[in-house]
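Sending over a structure as structure tokens; questions will come in a sec.
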Amino acid sequence: MKEMICINCPLGCMLTVDDSDLSNIKVSGNTCPRGVTYAVNEITSPKRMVTGSVKVTGGNQAMLCVKTCEAIPKGLIFDCLEVMNGVTVQAPVAIGDVVISDVCGCGVDIIATKNIPKV
Amino acid sequence: MKDIIIIGGGVIGCAIARELSRYKADILLLEKGNDVAVGTSKANSGIVHGGHDAKPHSKKAYYNVKGNAMFDELSKELDFPFRRNGSMVLCFEEDLVCGLQELYDRGITNGVPGMYILRGNEAIRELEPHISEKACAALVIPTGGIVSPYEMTVAYAENAAVNGVKFRFLSQVESVKRTDNGFEVACADGFVEEAKVVINCAGVYSDVISNMVCGTNYHIIPRKGDYVLMDKTCGYLADHTLFQQPTKMGKGVLVTPTCHGNILVGPTATDVLDKDDVNTTAEELNDAFTKACLTTPTLNRRNIITQFSGLRAHLDSDDFVIGESNVPNFFHLVGIESPGLTCAPAIGVEIAEQVAAKLGLAHKLHFEAKRKGIPHFATMSNTEREKLIEQNPLFGKIVCRCEVVTEGEIVSAIRRPVGAKDLDGVKRRTRAGMGRCQAGFCTARVMEILSRELGLPMEEITKGGASSNIVVGRTK
Amino acid sequence: MTNRNLVIIGGGPAGLAAAKAAYDCGERDIIILEREPELGGILNQCIHNGFGLHTFKEELTGPEYAARYIEQVEQRGIEYRLNATVIDINKDKQVTYVSEKDGLVTIQAKAVILACGCRERPRGAINIAGMRGAGVFSAGTAQKLVNIQGYLPGKEVVILGSGDIGLIMARRMTFEGAKVKAVVELMPYSSGLNRNIVQCLNDFDIPLYFSHTVTQIQGKDRVTGVVVAQVNDKLQPIKETEQLIPCDTLLLSVGLLPENELAKNAEVQLSTTTGGAVVDENLMTSVEGIFQCGNVLHVHDLVDFVSAESENAGKCAVEYIRGGQICKDKLTINCTNGVRYCVPTVLNKDEVYASQSFKMRVANVFKKVELAVFADGVKVYGKKRPVVAPGEMENITLSADIMKVLKNAQSVEITLIKGDAK
């Protein structure tokens, strides 16, 4: 039995997870079905969204904020940040533009989360 | 070879520098900090004392009364905030009213004009409605005033610089040696300069410097005072500077308005060993606040915006040591503690006269006596503001929200002679970061302006010089 | 002096939503005054995700959430001024702002919406003793330095306060290569969201000390360490538990205060609990025609609720401009037994009965409680909650029927039943 807080949304439901049988994980305490998915994933393959920033030139800002377009394996967070540290993009940039594709080979793109016009 | 080296950029050093700049002389001021007014002169009560408190016939009494009288004209000439709000010494026990009479008599001996004693709570509260109901008598000293001590120091420094005095910062004096022509002064950073006259205004370090040259045995005890600064919203709580009558229980604390409309509470008094120990402690702040509530019971802790602590240069002998020392041409000002700020204008003039006589200095033909301060957007009328923005649009850019300080003011503070070089320097000159959010909002913006104006990378912008860098580097 | 129907002060989430809603109600004479060089407010520096689940049914980062509203404002052609700081507003609804471009401008408004957000409590407000060297930042200042300007405030960090910004900054600083040595929380619980404790601290093994505080800051020029101590049940530090944590940075996340200097100038009545204005169900303050919404009114936990509240304010402001009835007869709602405050604070005793939502915060963590509403001592509504906490806003919606009862009552009370403090 494990207790965990669902982080899918700000509600933060307190979940009780019975993981004695990994092929049949039982979850209680969730408000919505996403709680079950979260608990199962958290036991089998935890993932996280990563948000951060990369350098940008040619715009009116020093930094461009970015995110992984979906959650990546938790173990890859710092590798992903490392890749972001080495990237500089050129303005203009629009929200959703792919800044780094297939980061760390995990099949997830890193996309811009801010519009930065060229100046 | 300089004519004069002044050691210390506090209010005393800067006042002397300014008064000496009336004469034809090559003058250098050495300051160990990154700016003027970074020691005792920045962290004190900001009170222009009437002079009732000093021991009769002491130097403190003499310079206090003389200095006090100079403030009206001086503050206009050098354009720094000063208000003659009057002081009151409050008595809380009928049995102790006679003590007020003693203070009054002392004041008369010292030559303090206009004092009178108020009897009864009603009469006191007519003048100061928020004073405790327990106050039963008060000595009123109408000549008491308040001043912004760091702005006064900056004003002196700027005016001195305009009249030719050179300032060198981050110059901690390590040795002063006698030479055939005068003195050789060496700083920790390797800077060496000679001068005919040296004036020691080193504040809490003045004993060290004088002992070095004169073989004396002065001993300054740094006496730490903790203060609490209250939000401007409680500015209505006091108009006069409110002292508590000294009793067997201690000297009491004061509650005073500041020139900018805050309420200042303090100081405590703790003798410390370290001459740089400006560590505030929870106990002392509590103590100061609790004692202040005796004067003004409605003070509310929720309105505290900051605390700070300053060191007073207390000398065992309890009076100033002022003038030329036993070593010819070495002048010193040792143990200048309260009421030193009040005394500064008088000390400045007298020491300058003494030094000028000694060196046979002639007056300059063109001495610029007036100094115009930084425009103060927050207190202007809308018409004045409009005009100012028209002349320079940077005055339309508010950087510090709490104190309504514009980019124009900050740029002016940086570009002036003896200009600001760090966040604290900008804060003392313009009040950016001095308000209720305590620089949370404007830190990043002031840093950018400093970086741009000084041509320094953000990493090199400091809070107060030395290694007080604010950011450690770029994130990437 | 120029004339405007609606002046909105602040172009953050609250101001943008209010402007959009006002426009959609038919108002065209709107201007937003924003002091920063871009719209979006504090969202611009909140580059983490977790915004918009209620409003857009998806998880956005702060700048993305802001962009959605900015786009809507742009599409509608609503006018706004950037780098424009309002320096005064009076009770006659004359708004004075300055900007580099426009100089000093005074606008006579028919209605004003104050949407100017909140600011962080500084070190002085919580009386931390010690030295005054560099390296002490409010969490938001550090967030701006890192996320907007791209500078690292320090390498070894202690964070005081487990509010959301503190937690978010713990992760952010970790991501940028700093070592976060501890998060220290005065209370026995966090005022931040649970998810942030998991994602921002637990994921990176950052210790969180409950019932602890910072008692002293060391370091003359730059912070060299902080002394941390456990506190007793009166929240006073226990001397014997003091320990030094070497660090070069202290971040403070010790609460937010509505920024109400302008409201004070306009003689708006303020709540001593929230620091925001006392408002009625139309979000109108005690000064006719001046409205408040968002964090300047009360500090919200989620931006989605800021948007919803502000859209309502926009709507109500337009109704007022069009000559909506002003009710002079108002009823103050009493909050008792662990309910710290509720918004709206007062009810108009007029004839309009619509369903109405109330937002509130509790003073402590309580388990198995009922949020209840009483009219003249009679319970008219109850909502069971397994747990309520100060960090999360509670929300109840009362039907038109219940509102009718409330508006005819002499006294209304919102309270917690069977609350046992944890």
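Letters are used for the chains, namely A, B and C, taken in the order the chains are written, and counting of residues starts over at 1 for each.
We adopt the following convention: a contact is a pair of C-beta atoms (placed from the backbone, for glycine too) under 8 Å apart; a residue touches a chain by one contact, two chains touch by 3 or more.
This structure is a prediction, so every number in the text was calculated from the model and none was measured.
Colleague: Centre of all protein Cα atoms: which chain's centre is nearest to it?
Modeller: C
Colleague: Quick one: which pair of chains has the most contacts?
Modeller: Contact tally peaks for the chain pair B-C.
Colleague: Return the distance between the CA-based centres of subunit A and subunit C, expressed in whole Å.
Modeller: 26
Colleague: With chain centres taken as the means of their Cα atoms, state the distance from subunit A to subunit B in Å.
Modeller: Each chain reduced to its C-alpha mean, subunit A and subunit B end up 54 Å apart.
Colleague: Distance between subunit B and subunit C based on Cα centroids, please, to the nearest Å.
Modeller: Whole-Å distance between the two chain centres: 39.
Colleague: Send over the residues of subunit B in touch with two or more other chains.
Modeller: 475-476
Colleague: Hey, what residues on subunit A touch two or more of the other chains?
Modeller: 53, 55, 63
Colleague: Check each residue of subunit C and list the ones that touch at least two other chains.
Modeller: In subunit C, residues 148-150 touch at least two other chains, as defined above.
Colleague: Show which residues of subunit A lie in contact with subunit C when the two form their complex.
Modeller: 4-10, 12, 14, 48-53, 55, 60-63, 65, 67, 74, 77, 81, 95, 113-115
Colleague: List the residues on subunit C that touch subunit B in their complex, please.
Modeller: 35, 83, 85, 87, 96, 98-104, 106, 119-120, 122-125, 127, 129-135, 137-138, 140-141, 144-146, 148-155, 176-177, 215-216, 220-222, 237, 248, 259, 261, 264
Colleague: Which residues, counting only subunit B, touch subunit C once they are in their complex?
Modeller: On the subunit B side, the touching residues are 229, 233, 276, 278-282, 285, 301-302, 304-308, 382, 385-386, 389-390, 393-394, 396-398, 401-402, 404, 406, 436-441, 443-444, 448, 458-459, 462-476.
Colleague: Touching subunit A in the complex: which residues of subunit C?
Modeller: Interface residues on the subunit C side: 37, 44, 47-50, 53, 59-61, 63-64, 67, 147-150, 175, 193-195, 197-199, 203, 301-302.
Colleague: Report the residues of subunit A in contact with subunit B in the complex, numbered from low to high.
Modeller: Of all residues in subunit A, those touching subunit B are 53-55, 63, 84-85.
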